[in-house]
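Structure first, commentary second.
Chains: A, B, C, D, E and F, in written order; residue numbering restarts at 1 for each.
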Amino acid sequence: MKVLAVGAHPDDVELGCGAALLAHRARGDSVGLLVLTGGEHGPQGQSSRVSEQEIAASILGADLFWGGFEDGAVPEGRAGVAVVEDAIRATGADVVYTHSPRDSHQDHRSAAVATLAAGRLVSRILMYETPSSLGFAPTVFVDAGEHLPGKLKALRAHVSQVLKNQMVDLDAVAAQARFRGFQARLRHAEAFETERFAWDLSSAGLSGPRVDQHVSGIEYAPSAGR
Amino acid sequence: MKVLAVGAHPDDVELGCGAALLAHRARGDSVGLLVLTGGEHGPQGQSSRVSEQEIAASILGADLFWGGFEDGAVPEGRAGVAVVEDAIRATGADVVYTHSPRDSHQDHRSAAVATLAAGRLVSRILMYETPSSLGFAPTVFVDAGEHLPGKLKALRAHVSQVLKNQMVDLDAVAAQARFRGFQARLRHAEAFETERFAWDLSSAGLSGPRVDQHVSGIEYAPSAGR
Amino acid sequence: MKVLAVGAHPDDVELGCGAALLAHRARGDSVGLLVLTGGEHGPQGQSSRVSEQEIAASILGADLFWGGFEDGAVPEGRAGVAVVEDAIRATGADVVYTHSPRDSHQDHRSAAVATLAAGRLVSRILMYETPSSLGFAPTVFVDAGEHLPGKLKALRAHVSQVLKNQMVDLDAVAAQARFRGFQARLRHAEAFETERFAWDLSSAGLSGPRVDQHVSGIEYAPSAGR
Amino acid sequence: MKVLAVGAHPDDVELGCGAALLAHRARGDSVGLLVLTGGEHGPQGQSSRVSEQEIAASILGADLFWGGFEDGAVPEGRAGVAVVEDAIRATGADVVYTHSPRDSHQDHRSAAVATLAAGRLVSRILMYETPSSLGFAPTVFVDAGEHLPGKLKALRAHVSQVLKNQMVDLDAVAAQARFRGFQARLRHAEAFETERFAWDLSSAGLSGPRVDQHVSGIEYAPSAGR
Amino acid sequence: MKVLAVGAHPDDVELGCGAALLAHRARGDSVGLLVLTGGEHGPQGQSSRVSEQEIAASILGADLFWGGFEDGAVPEGRAGVAVVEDAIRATGADVVYTHSPRDSHQDHRSAAVATLAAGRLVSRILMYETPSSLGFAPTVFVDAGEHLPGKLKALRAHVSQVLKNQMVDLDAVAAQARFRGFQARLRHAEAFETERFAWDLSSAGLSGPRVDQHVSGIEYAPSAGR
Amino acid sequence: MKVLAVGAHPDDVELGCGAALLAHRARGDSVGLLVLTGGEHGPQGQSSRVSEQEIAASILGADLFWGGFEDGAVPEGRAGVAVVEDAIRATGADVVYTHSPRDSHQDHRSAAVATLAAGRLVSRILMYETPSSLGFAPTVFVDAGEHLPGKLKALRAHVSQVLKNQMVDLDAVAAQARFRGFQARLRHAEAFETERFAWDLSSAGLSGPRVDQHVSGIEYAPSAGR
């Protein structure tokens, strides 16, 4: 599979689905990260959240793409959709992770709805939780398996957030993994909401949309991302 | 009854509620269409979606209004609300059809919320599905009855989408009508969500809001569309 | 149209949809009432709730059927379904009113689910609220129009509840009608949830299920009511 | 407790939670009002909604803050969040009242989501209903107790809306309080939705977030309001 | 306040709301426990879950009532409702805790719906989570404050479950308290769903239903528990 | 994987998830069917639905288990749970398919809730739709891929329903697969709701619950199926 994970700020993706991304890498899937802003308005002072994200991406074994939007001003409309469309095209993603749209943070909401629009032909879209999620009600879980330590390692790469400012609480991350695992009848898990998740039981991959559907129906309003 | 159907792009209204509009015409109701954009960013090249929409409107026997917004940039705020308010006033509509607000396409969402705001005094607002609807859960159905062929005819007027670029999949439209009919215990149907639908059992029409309510309560924040 | 209204106890139907039933009668529809129990365990002492229900039915101009179950023990399974099926058959109902299934009263829940099972081929099922409804979220409204006084008159027929024991609070009933009307942008209204409501725009009546659907699909588990 | 109530326009707060605010005052809590716009686009002609709001605030015994946004154009993003953050800081609020985000009025939606973002560390956020609420499903109620007359008095201060233009229907307000009280098994009540409401059973106040949580986790995306 | 907590089996109440009950006791509220079955079908061999529950109740400082139903066969209908009604009457409870009705365990569902029926006049009903909860979506939280150790102590009284058979995982209980606290912006918390929760801001207690409402409306179907 | 599919009547499983079961077989998974009743109350006259189900099971390559309950009287409580527990144990299932619990047919509801109880330790439970589903809102899809013809073949084995009495409408089945495929961006699909679905990204299988969790927490009320 080819995977794209979209987050609004540096560390969002690692918090939301870091273990799942490591599990994808372990089975040989390619993984791309699209981080929409540089998170430049946080309290980290001069430290570069950009370089921290680069280190985290390399720990995850992921290609890193930047959206280039201003922190706090991710657009949900055409501009946002176009950036996510480009990343889907560049990665050939057939699995997309993003924020849940019910989130009190406006950048998270915008990232979610832009990704849902850009991913309108993708059969597997999983939406992760954040501390600002509202009424998050997960039904799909990914077994964190052996990958919880790797997730914590990737989070520690966000030095300005974890070590200097304690912006990420690794203890709460572990408790969450335990609780979500409990709900899924697993040891540790990451939890997701989904609008559509196609479970692939074949060895040949998903069938994809009908040829004529590909240029019809779902795309009948093709201006989505322009 | 006086009917207004609001869509973001040419062909949205026909896909969502074309058979219902034909059923309204068959019983003598007046029907207006408000299409918010010209759909100019689709792949139809030079072909005019505007003239196609005009032909479709004449097949439906409907008056056509244009919102004049840019494809992909329908505003959900004051500007969008004002345009729908004007159309409600011009048509005297007491039944309004529009998109469901849960849709991954930003223009569809904006059309829906602008219409809900503009129609704040209307007792019958039905929201149709599109291929990009999210979690669409219909409870109100309109019997497509004899009007499925007419709906398909109106869709074929969108030549650039149906014939040239196969942007509309007529086969999927028919399957959907069959499935929705099955759910409603009818032969073919169109399916709708609603926030409020007043079923009129009288011969005298709905009572309308209380006189003092008309200038109060619901309008207490009268700046909705301005 | 032919209407059946199902209630668990005497006065449930009048409280939930009395004005709607009067509106049906005013347009010439036939109306049947199915009351599943005699309400014999209430505090009304020796007074007969059965005869009160008979008077109320005659005020509504409705035929009265009794389910014959014990108050407090309405069965949701086969026995309950069979009784409602019989009443649907006897009345030829194509519109069915019943309780909402989310209700803290077990008889109300049972009446609702038995009616949903028995009405599996009916295209219009409206579910009314009671004081014990839980999370009632109406989307369909019937204009109470001129019929609120008639509804109150029918309720007053339940002498043991209204006059002697003040079991029905007519003032609260009027306030509710006003509030629901406000929500529906009408003067007074009754409010309903629905799983499916087919709005009939034709003069010829609903198309009904496909001939082959009638003996298939929906009935593929024909043991529903046995 | 320290209370902040956020409304989009003059009179929104009084309509939504005026009795609750009076109950807070009666127990000695401080109350701040943040009104995001001057409501200048309503039909009140030359009359000043600003001075009316000042009178209403003094009836409520509340400090009044103005957001300074244009009527009809409340921003849901950074600008809106920053204004609410400032008011939370200025009042030290540990209880926040605001609009429900499901509302057909764009200013109400924006006020709600900006407040949810700004209040991301607050343990008690209650969302009130308006006439344009959509699918409002309250679960938390505040006993209006002795305060319904005071609420009506505060509403009457909005002279341009109540007396001159009948923009507020005091009769409907009373019916609503009665209906919501009925649902809550109280005499009169105001009704609220909530994403999180911490019920404080101690005499020592809520524990608040963990010290390290305060600068982590929930704030890991600290750019929310900037 | 006077509190009643209803659970299907020994240890359900301690797991679901043990810290809240301790917080009630700390402020001087009386607390009753109603345990509907003896949990006799668990794997605890000869050990008595009954005596364990008695010890746990004394740790909580609560009066203990037994429902006397067979483990695995809690009735949701009249028999179950009557037992809960008796306990509400005996305790004078104006706050009731019980299971959430969405739970894959039939005894939990039955306990929940019987309590909702029996508590139809109670203004504060909080529903706790269990390991078999389905789609639990809490909105009301109680600050566990100083009471998490006490909750764990009460759980340890269930020796046959905790020590001998490891039926209760105290580590998971602590992780859950941490996660729910995180969601509520508190250190540790217990989480609840609610159908109605009246927040009492007065010093005089809730107003209660209207006098005429008390014998009307909500009780119009008085056979609820008989 | 080891799969168990639970249905109330002969042909329920084939209609709900026949293609998914064939996809499981094609990848080498074992498949068990548990049919809870013989469907003896249908209109098929003397014909044996039991032998038809045996033929269908052999077409699917599945082991067939019978629940032995009476058609129309599937118990949701202990008796039903015990039968499903036995089948889970006999098949070692780590994937379970069953009805959605929101269904107007009482046997379908009972089958669903009994399976949710029995499967309380299973990490993958998918719930299929039937013609009597209520408000079915699928989020997980299985690509029907090459298996739609096989599904139709298995359905045709139900001769008494398909050929003699037209109880199953194969045309509607195909339309449904097309519509659900459209929603999932696939050619044809089967659609499922889920309470929990653990997506296994490893080659080693799911981690399963923690050892101590296995005999704790989720089983703390071990009497579920007894």
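In this text, a residue touches a chain if its C-beta (ideal position, glycine included) is under 8 Å from a C-beta of that chain, and two chains touch if they have at least 3 such contacts.
Bear in mind the structure is a predicted one, so any value in this text is a computation, not a measurement.
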Q: Report same or different for the chain A and chain F interface, where same means the shared residue numbers exceed half of all residue numbers found there.
A: same
Q) Where are there more C-beta contacts: C-D or A-D? A) A-D
Q | Centroid comparison with chain D (C-alpha atoms), farthest chain | A | F
Q.
Please identify the chain with the largest separation between its CA centroid and the CA centroid of chain C.
A. A
Q.
Can you compute the centre-to-centre distance for chain B and chain C, using the mean CA position of each chain? Integer Å is fine.
A. 32
Q. Using the average of all C-alpha atoms in each chain as its centre, how far is it in Å between chain A and chain B?
A. 34
**Q.** Distance from chain F to chain D - Cα centre to Cα centre, in angstrom
**A.** 48
Q. Using CA atom averages as chain centres, what separation in Å is found between chain B and chain F?
A. 38
Q. Of all residues in chain D, which are in touch with two or more distinct other chains?
A. 120, 131, 135, 172, 182, 195, 210, 213, 217-218
(Q) Let me make sure I understand the interfaces: which chain pairs count as touching? (A) A-B, A-D, A-E, A-F, B-C, B-D, B-F, C-D, C-E, C-F, D-E, E-F
(Q) Considering only the defined contacts, which chain E positions touch chain F in the complex? (A) 8-9, 11-12, 15, 37, 39-43, 71-73, 104-109, 130-132, 134-135, 161, 165-169, 171-172
Q) Hey, which residues of chain D end up touching chain A in the complex? A) 76-78, 81, 113, 116-117, 119-120, 195, 210, 212-213, 215-226
Q: Could you pull out which chain C residues touch chain B in their complex?
A: 20, 23-24, 26-27, 120-123, 139-143, 145, 181-189, 194-204, 206-210, 213, 217-218
(Q) Quick check on the complex: what are the chain D residues that touch chain C? (A) 131, 135, 137, 172, 175-176, 178-179, 182
